[in-house]
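Shared chain: chain A. Partners: chain B in the first complex, chain C in the second.
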Partner chain A sequence: MLKGIEVLFFYLLSLLCIFFSMLTISARNAVHSALFLISTLISVAGLFLLLHAEFVAGVQILVYVGGVLVLFLFVIMLVSSGQTTRRIFTNQFAIGVAVATLLGLSFFAAISQVQATNYFRAREAKQEVVTKNTEKVGLQLYTQAVLPFEIASLVLLVAIVAAVRLARDRKQEKIFN
Partner chain B sequence: MLAYFQAFPSLRDTLLLMPELQITLFACFALVLDVILPKEKKRLAARVSLLGVAFSAASIALLVYQYSDSLPQKAFYDMYVLDGFSLFFKALFLLAVALSIGVTIKYLDLEKEQTSEYYSLMLFSIAGMMFLTSSHDLISIYVSLELITLPVYVLVGYFKRIPKSNEASMKYFLLGAFSSGILLYGFSLLYALTGQTNIEAIAQIVPEIIKTGSATYLLLLAIILIAAGVLFKMAAVPFHSWAPDAYEGAPTSTTAFMSVAVKSASYVLLARLFFEALPSAGSVGSVPGWTQLLGVIAAVTMTIGNIAAATQTNLKRLLAYSSISHAGYLLLGAVAGNEVGYTGIAVYLVAYTVMNLGTFGVIISITRHDEGDAASSERNTGEHIKDLNGLVKKSPAIALMMLVFLLSLAGIPPTAGFMGKYLLFAGLIKNGTDWMTKLAVLGVINTVISFYYYSRLIRVMFIADLTEERPLTVGKSLQTVLLISALLTILIGIYPQPVIKISESAIKQFGNISDKASGVVPKLNND
Partner chain C sequence: MEQVQVLSLFFQLQQQSQEIAAGYSERFFEMVSQVSATNFLVLSSILFVIGVIGVLTRRNIIIIFMSIELILNAVNLNLIAFSRYWQQQGAPNPYTGQLFTIFVIVVAAAEAVVGLSILLALYRNRETLAVDEIDIMKW
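For the complex of A and B:
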């Protein structure tokens, strides 16, 4: 459970996260959108730190901010096609708002029920405090999670094959055939 | 040999993985062959892939022989489970991919793009499906799901020169990635509620939550999000909009593969998550409202799929809508939530695999391309209903087989499709609730609607005059696939007991066994 100054940080980071993710989806310029996404991910990394998940926070910044998003920016700059059309999805806007409102209300109902019955507090009391997070992640990865870990490596292999297949042009294909 | 492996627990674990490992190895092998083989020899890769399927099937047989009395076998810290259910679906996926490869050989020849990558990606996807059947943990379920869909995105957009194929791939990819995200969000809520990722552990905690009523709304929300992800994968209304475009734009062989294998995989997902981890729809301890919601989705999916299919003129689009309606029929089994319904799902998936692959096989056999016309979007591809005109005059055998497949899809008696539908409806009626009986009636009405558009195809095949004079060129591989599919379709229709028995043993692990499906099916032989 969060105490003292941690509560303040939690609300600050959460609000920042929500604020930046809204900017991410509403930004008209793809580069701006990607930059806002970086801010969102950094706020999420801060939230992980509050949960004492230092390793995940570090990975979040290294992989997402350092790797994925930089690649995003490269791709956007390489294939940038100028101004995008305004409001392509106009007729779906109303449906989107309706679904979002419905989802928001149901989350509100769900969370207020959990708060009223103290479900998570009761569960939290039973669990031991987790320390040495990084060590635990490493152990899990090579014991419990070894099978999904290996399947994930297959997914990566398929992703490489897929990228090569989709990206090479006809001239390059002729060399191979 | 086997005893030697069993001495070491980790080797025993690997032994259980054998079917998947072999498929993966042969997928890598086919990938390498693409670089080695000269262009005119590329069909060898298809044979190699079939060999891989055969090896994998043999190791499944070996596993059945070895462990049939001591199922379920768990491995890899309970991440992986080998039970009757997973063995059944692994065998079904191998059947589906073997038939798909047969169809693909001919189709890639037609498109003059015989490449080994296609077979390799197909095998990778099947490996993902086989991992999925045995996944007993939310993490491995999700990762296997990614391994299934990622190759299929590429297979849909395999012909880069065809704009329609690219568009289909893009749509499928974007919506697929989005739906995976929703599914994952549901998983995260479920993990937050239970603190577990293991299916069995979740199954123990969830009834407690329902009993104490402390977090039922959040549980229902998790269920709905997971269901949205699963329903997207099986193309049920309202998450069906990707299916017609993806099915129409994709290469026909990919459409065939997607419509049977990927669809069956989504039902494996449904079974693992909703029959095993979460309280199943029909059970007493179910979350209030969930059964009714599923029932409404099934009803709407059947009806919309059938009505939309009735107005189509493109064969692939018609079959896409028909596959949406079949998703609705299959959901009826989940709504019923008893043994008969579950058996119905398994039997129907077997029937659907053979009859749908057969139908796509016939479509490929009438497919032809005019020279130099390949790049234009309006190609003479034989995908239009009128391309079936007078098929019986050109090839009576193929017309006859198409008749069998279409009758089976419509659910007319001596075919496999009838048996499956019969069990699905029987499950609902057995459950006895008033609205479920009405739902079964709606299912029967839908069957009648579907017969309207299937009979339209039959009419043009047998009555209309020939419009396309060039003779059919059916390769040996396609002939074999058609023959096997047609024989299985009729065989399961006439003598369904073996399939029903195997299906029963596959689903018996899912909860309260009350009604045996074999009791519902009238015995045709006296013993």
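For the complex of A and C:
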């Protein structure tokens, strides 16, 4: 799927992804965790660029890094009262890791089944395609997926109303009621 | 006589297992040297498992939210990789994976907004973010 120098970039970016995601779930401070998550998301955006999905890579950086993670940082700074917790993991640490490892082993078994039949190797790269990615995605989005598109706008509206209703405190409710 | 039979059986088994191991290692080196869809499957499953570990073991509820974002990103990576795969195979409609990814990002943003505002309301009432202290419904 990838050729030449792209292979090197694939391994570099995937190592960065795994490294930063492990740091994300093991950082003691929530702000550090959010910053490591930003690094992970940027590495995943680099992988999207390698896969010639330029529009999705841009959306990933704009929406996730520019929107969602900034929101996360705001909330962390709103709620953190300065106290440091000594325990960062729950009591079910061993059980959680065991369950996740079982999940990973089952994924690995499924992937090795596919790999054993040589499915992807036998059908390697019939054609090298360089396309106008954004144009193609936009055309599909407004023809094939126009109903999900409208439903997505409705979902966002509901999310905005819910956030405004849930996040204001008692004082503001007294003012507005 | 029986001992000779057992020994020959043993050597046969050993040879077969060596052949199987050689096949596996050959396939492994093939997989490492040339990136195909399988590599992306492996990477996204690793990211998914890391996210699941985060959800199951962390105490801070904000970091649990971040792990959920990590899981969604692993799934997005899979969708984009298979979109590229079908582009190279010349499939008639290969951009569906990217459309799915865009909708996953939209729903993840909405989910993060609602979840974080619930969390703010929770913090205002309970003054804690640790999931094992939020047990008001526990009888």
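The definition used in the following text is that the second predicted complex is superposed on the first by the 152 of 177 C-alpha atoms of A that agree within 3 Å, B and C clash if a C-alpha of one lies under 4 Å from a C-alpha of the other, contacts with A are read in each partner's own complex, and residues count from 1 in each chain.
Please note the rule applied: contacts are C-beta pairs under 8 Å (C-beta built on N, C-alpha and C of every residue); 3 or more make two chains touch, one makes a residue touch a chain.
Quick caveat, the model's predicted, so the values are computed rather than measured.
Once chain A of one complex is fitted onto chain A of the other, the partner contacts of A:113 are limited to chain B, with no touch recorded for chain C. Judged by the touch definition given at the top, the superposed model places A:71 against chain C, while chain B stays out of reach. When the two structures are aligned on the shared chain, A:148 is found in touch with chain B and with chain C. When chain B and chain C are set side by side, the one touching more residues of chain A is C.
In the superposed pair of complexes, A:56 makes contact with chain C only, with no contact to chain B. Of the two partner chains placed by the overlay, only chain C lies in contact with A:44; chain B stays clear of it. Residues 107, 111, 114, 120, 123, 127, 144-145, 148, 152, 155, 158-159, 162, 166 of chain A touch chain B in one complex and chain C in the other. Residue ranges of chain B in contact with chain A, taken from their complex: 24, 28, 31, 34-35, 39, 76-77, 79-80, 115, 117, 120-121, 124, 127-128, 131, 137, 139-140, 142-144, 146-147, 150-151, 153-154, 157-158, 160-161, 192-193, 195, 212-218, 220-221. Across the interface of their complex, chain A is touched by residues 27, 30-31, 33-43, 45-54, 56-60, 62-63, 65-67, 69-70, 73, 76-77, 80-81, 83-85, 87-90, 93, 95-96, 98-99, 101-103, 105-114, 116-121, 123-124, 127, 129-132 of chain C. By the touch criterion stated above, chain A contacts chain B in their complex at residues 106-107, 109-111, 113-114, 117-120, 122-123, 127, 143-148, 151-152, 154-155, 157-159, 161-162, 165-166, 170, 176-177. Across the interface of their complex, chain C is touched by residues 1-2, 6-7, 10, 14, 17-18, 21-22, 24-25, 27, 30, 33-34, 37, 40-41, 44, 47-48, 51-53, 55-56, 59-60, 63-64, 67-68, 71-72, 75-76, 78-79, 81, 85, 87-93, 95-97, 99-101, 103-104, 107-108, 111, 114-116, 120-121, 123-129, 131, 133, 136-137, 140-141, 144-145, 148, 152, 155-156, 158-160, 162-163, 166-167, 169 of chain A.
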